[in-house]
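Presented sequentially are two complexes of subunit A, the first with subunit B as partner and the second with subunit C.
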Partner chain A sequence: MTLRIYAIAYMIFLYAPVLLLPVFAFNDSPVIAFPLKGFTWGWFNDLAGIGALHDAVKNSLWIACMSAIIATGLGICAARAATRFEFPAKRGIMGLIMIPLVLPEIIVAVSLLVVLVQILNLPLSNWTIIAAHVLICMPFSIAILNGAFSNLDNSLEEAALDLGESRFAAFRLVTLPLVMPGIISSLLISFTISLDEFIIAFFLSGSEPTMPVYIWGLLRFPQRLPAVMALGTILVILSIVLLVIAEYFRRRGLKRAGLKDTGGFL
Partner chain B sequence: MTALISLTGINKYYGDYHALRDVDLEIAEGEFFSLLGPSGCGKTTLLRTIAGFEDVTDGVVLIDGADMAGVAANLRPTNMVFQSYAIFPHLTVAQNVGFGLRKSGMSRSDKAQAVQDALEMVGLGGFGARAAHALSGGQRQRVALARALILKPKVLLLDEPLSALDKKLREQMQTELRRLQRQVGITFILVTHDQEEALIMSDRVAVMFEGRIAQLADPQTLYRRPLTRQVGDFIGVMNFLPAQFKPVGDLITADIAGLGQAELASEQCPAGPVTGGGAVGIRPEILSILFQGETTSQRETVGQVIERAYYGDMTYYDVRLDDVDAPVTISMKNLIDRPVLERDDRARVSWDPRALVGFSD
Partner chain C sequence: MAFGRYKNSEAARGLTLVSPPFFYAITLLAAPLAAVIMFSFWTQDFLTLDRTPTLENYRTIMTEPLYGTLLLRSLYIASAVMAVTVALAFPIAYFVSFHVPAHRKSLWLFLITIPFWTSYLIRVFLWKVILGYNGVLNSSLLGTGLIGEPLTFILYNPNAVVLTLAHAFAPFAILPIFVSLEKIDRSLLEAARDLGESRAQTFFSITLPLAMPGILAAMVIVLIPTIGDYVTPRLVGGPNGLMIANLIQTLFLKLNNAPLGAALAIVAMISVATWCITFIVIAKILMWLTNKARGLT
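Then we have the complex of A and B:
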């Protein structure tokens, strides 16, 4: 009984702030406070009028797409190498790739800034953010794809080879369709991570801010706060939709391969 | 007999590990050939060498006269049935079976017909549209067979294809595989650790230990005249009794613990004449227990039953022959008027000296 109460309290503590987002996004008052004044779509209309926000959103979408594609591409290579081949220091290398998962993001951001600007002397741009986002997306991508690849029987590709297909065709015809749900899942999760990442983007963005960086900038203007709530509402819904799609594909992949579910993100 | 597959001086190393040692082997066209041995003996490695999944460190692999060095698995005239069957789970049964026809240049309807024929050959006529992951173990095995045979390979390689099936189904598939092999006339090479399976199915068997072929023979020779104690011990059950050998003319006289003196013909020492100390091997069915009043024209000795196992059709006795430490196993058919002895009963044992095999170790 106490455990149940604890669990419910935990859930409220975790999600109540998120639930407040839509509440104030539709509240007809520029002040974020109870009691609520009335219902309005006004804050969403405001959003449509801010040109700089649109640029920031476009930027973020571009960065998130590129980060997801690159991280997943690299993840496919790493997961295949980790599950199919034996090589020296394999565990060490795989561990190293997973480290960004536990490194404080601010440390990563500062050190990347130092490396990019002081040592490599590169200008800050969307590409510097993409490079950094690939770094933090990789652990998630590899964790998902490792699961997809390790479910595969090694002799499947050999069987395709044995039946006359080239190595590449064997990969394309057999392995790829079987790990495709994992790939989609990895793309979606990397996309979501990159889209709402703030610290690294804040340090590494050049003249064009990403959406989270822009939102942070808005906070200096209290009258804009309800519009931020409206934007936050849209983002939460988008994130949930993407995660649900990712999980759907992960489960479908397992079912297709006739495997037991061993847990996932949802 | 023309050799379809010819292996000469095959050696294979994995780092320091010597997986195949000086393997020479010729396999004829249309032969049902088995590679038999305990796990880790190199039999699967040898099969994968023929399939093209493993390179040899040293040696020549010829298939139908063509050197296979540098020829990848997809270009070799071999097809394989994998131990896990490796059925593509995202395809239907028909798509699985037709997978190898993708590059054949056949028309759609020809392909569909070929798939249909292949499925019927393995007794899965109406299964084409089923999802592959919904099949039972025995059905997967049949799909794997149809998928490999549809390409009409020169050689079909089977890697422990029956080990995942339960006993009844395994026995049924053994007969069926044999029938299928006669029907298609393709050379089958079977890898198995099950000596009974190898004896039942094969024209010839290569017994392997530690990367080497210990004996290459037809099943009857293998069972009756094993070259070494190790082979005799691995194939079925064999009793070994210490013996002293002495050549006398063409024959070899053996002084055998528990049995006494016997003369062995030269073919009873398959590895060559034995002199001095060694052992005599004798199969459980060659020894028989004489029940009350029974007499024999064969030789006779006595011992004591120390254990018995009743199998329904047979009873297996462990009998300690007088003056011998280790017991021998004796199998007796359970006839209607034949009693079953109990532990500690005294037993008269008859044996036929013509069935003894002499070993130098």
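Then we have the complex of A and C:
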């Protein structure tokens, strides 16, 4: 019983900031504090008027889409190799690919900044951010896809090979549809990670900021804060929708692979 | 012929398949990290980069007290975050694993991970709103009459950083512990109870030791990324809560001294790795000693 009360208190602790967002987004006061003043849609209208924000959002959406597609593509290769084949130095290779999961993001940011700017003297652009985001999304993608690829019955693909399909065709026609839910889940999670990522984009963005970098700038202006709350509310709703869809597909993928759900993305 | 057989072998197909992500990680992770190490031995002289290898940057970090102070504080804050996060996470992982019915478990885990995925920056900023002088916490505590004047020890200091990071990294601690608790064979617990152990004895003699790998994994997974956090110390830490990442950012983007920043990043990573290995070894020794003591009695 005490444990249940603790669990509920813990969930309140976890959700406190997320639940406060809409409270202040609709509060008719330029100060982010209690007591509340009344209901307004005004801060959402404010958002529509900030042109630079729209550019930042467009940038972020583009970066998130490209990062998700590339990270999932590479993730498919790695997850398939890790679950289907035994090869030399497997642990070392997979370990290297998974490292960004625990490496502080500032280390990734700094190391890419050194190489791109100081050594190769390349200009910073959206592509430099995409390159880094692929790196940090890939481990999450692999973790999800491992679930979808493991326990997949090899004899299905072998049957297709015996019936005269090429190896690639057998993969495309048999395996791919079976792991499709995992792929969609991986795309959505990678998209969410990239869209929300701040520190790498802060170091690697050129003249065009991403949305989190732009929000970071807004946080310094007290009069902009209610609009930030409104933006945050939209983002929270958007990411919850994406996560629910991702979770739905992840579970469907596990079911198709015949696995018992152990829960959790990580 | 031999090549043809090799090409179709298990190992070759696996290696071919894993090579695109592997080469991606080599070029964008391993090589840049090597470049950072190389860079840390160079020096910056205003606009020109002096490529003569030297230990100058490391000497600066060792001798100037600012670096040592920030490094120690970062290790201290990250360790406090690790302790608080794992201590708060263990009961919840235990609750989900032992008290939630099987078909509800993944729903609980999903609910636990949702806040983690939503706008990191704004989430940290909201802690500032919650903990501030006129913040949510103070105004509600004042309202209920529990305190006479606003609490000031909860914002713009290391405590605030610890609390905010413990919130941000919660799923990183809960999931590994949950996985290790799920692996525990429930019949072991029943056996212990049947043999007359109390609930508490069973917990300390069976559940906790078997959950130890998950707890250690959680500690490492929380400790390493938190040491490099930039946003939280900057937003809620105040002047005495700044951490090593803030200094690295200043060196790279403001002072244009990338070599010194690179050296500082490397020193930070080496310190956190050493600290990790130390406490894992200590934990292993303690586990071995308790096992031995138990075996003898």
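Note that in this section the second predicted complex is superposed on the first by the 256 of 266 C-alpha atoms of A that agree within 3 Å, B and C clash if a C-alpha of one lies under 4 Å from a C-alpha of the other, contacts with A are read in each partner's own complex, and residues count from 1 in each chain.
In this section, contacts are C-beta pairs under 8 Å (C-beta built on N, C-alpha and C of every residue); 3 or more make two chains touch, one makes a residue touch a chain.
Since this is a predicted model, take the numbers as computed values, not measurements.
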- Item | subunit C versus subunit B on the shared subunit A, clash or fit after superposition | fit
- Give one of first, second, both or neither to describe whether A:E158 is in contact with subunit B, with subunit C, with both, or with none. first
- subunit A contact check, subunit B vs subunit C, more residues touched by chain C
- Figure out whether A:S166 sits in contact with subunit B (first) or subunit C (second), or with both, or with neither. first
- Query: Which of the two partners, first being subunit B and second being subunit C, lies in contact with A:D28: first, second, both, or neither?
  - Reply: neither
- Geometry row: CA centre of subunit A as apex, subunit B and subunit C as ends, angle in degrees (steps of 10) is 90
- Could you look at A:L178 and tell me whether it touches subunit B, subunit C, both or neither (first, second, both, neither)? first
- After lining up the shared chain so the two structures overlap, which partner does A:Y10 touch, if you call subunit B first and subunit C second: first, second, both or neither? second
- Shortest CA-CA distance between subunit B and subunit C [superposed frame, angstrom]: 7
- Task: Please name which positions on subunit A make contact with subunit C in the complex.
- Result: 3-4, 6-7, 10-11, 13-18, 20-21, 24, 32-35, 74-75, 77-78, 80-82, 84-88, 90, 93-94, 96-97, 99-100, 102-108, 110-115, 118-119, 131-132, 134-135, 138, 142, 192-193, 196, 198-199, 202-203, 212, 215-216, 219, 228-229, 231-232, 235-236, 239-240, 243, 247, 251, 261-266
- subunit B residues touching subunit A in their complex are 51, 53, 72-75, 78-80, 82-84, 86, 88-90, 99-100, 102-103, 133-134, 147-148, 151
- Message: If we count contacts the way the header does, which residues on subunit C are in touch with subunit A in the complex?
- Response: 10-15, 17-22, 24-26, 28-33, 35-36, 39, 49, 88, 91-92, 94-96, 99, 105-106, 108-115, 117-123, 125-127, 129-130, 132, 134-136, 139-140, 167, 170-172, 175, 178-179, 182, 220-221, 224-225, 227-231, 235, 245, 248-249, 252-253, 258, 261-262, 265, 269
- Note on the structure: Residue set of subunit A touching subunit B in the complex reads 153, 155-156, 158-166, 170, 173-174, 177-178, 256-258
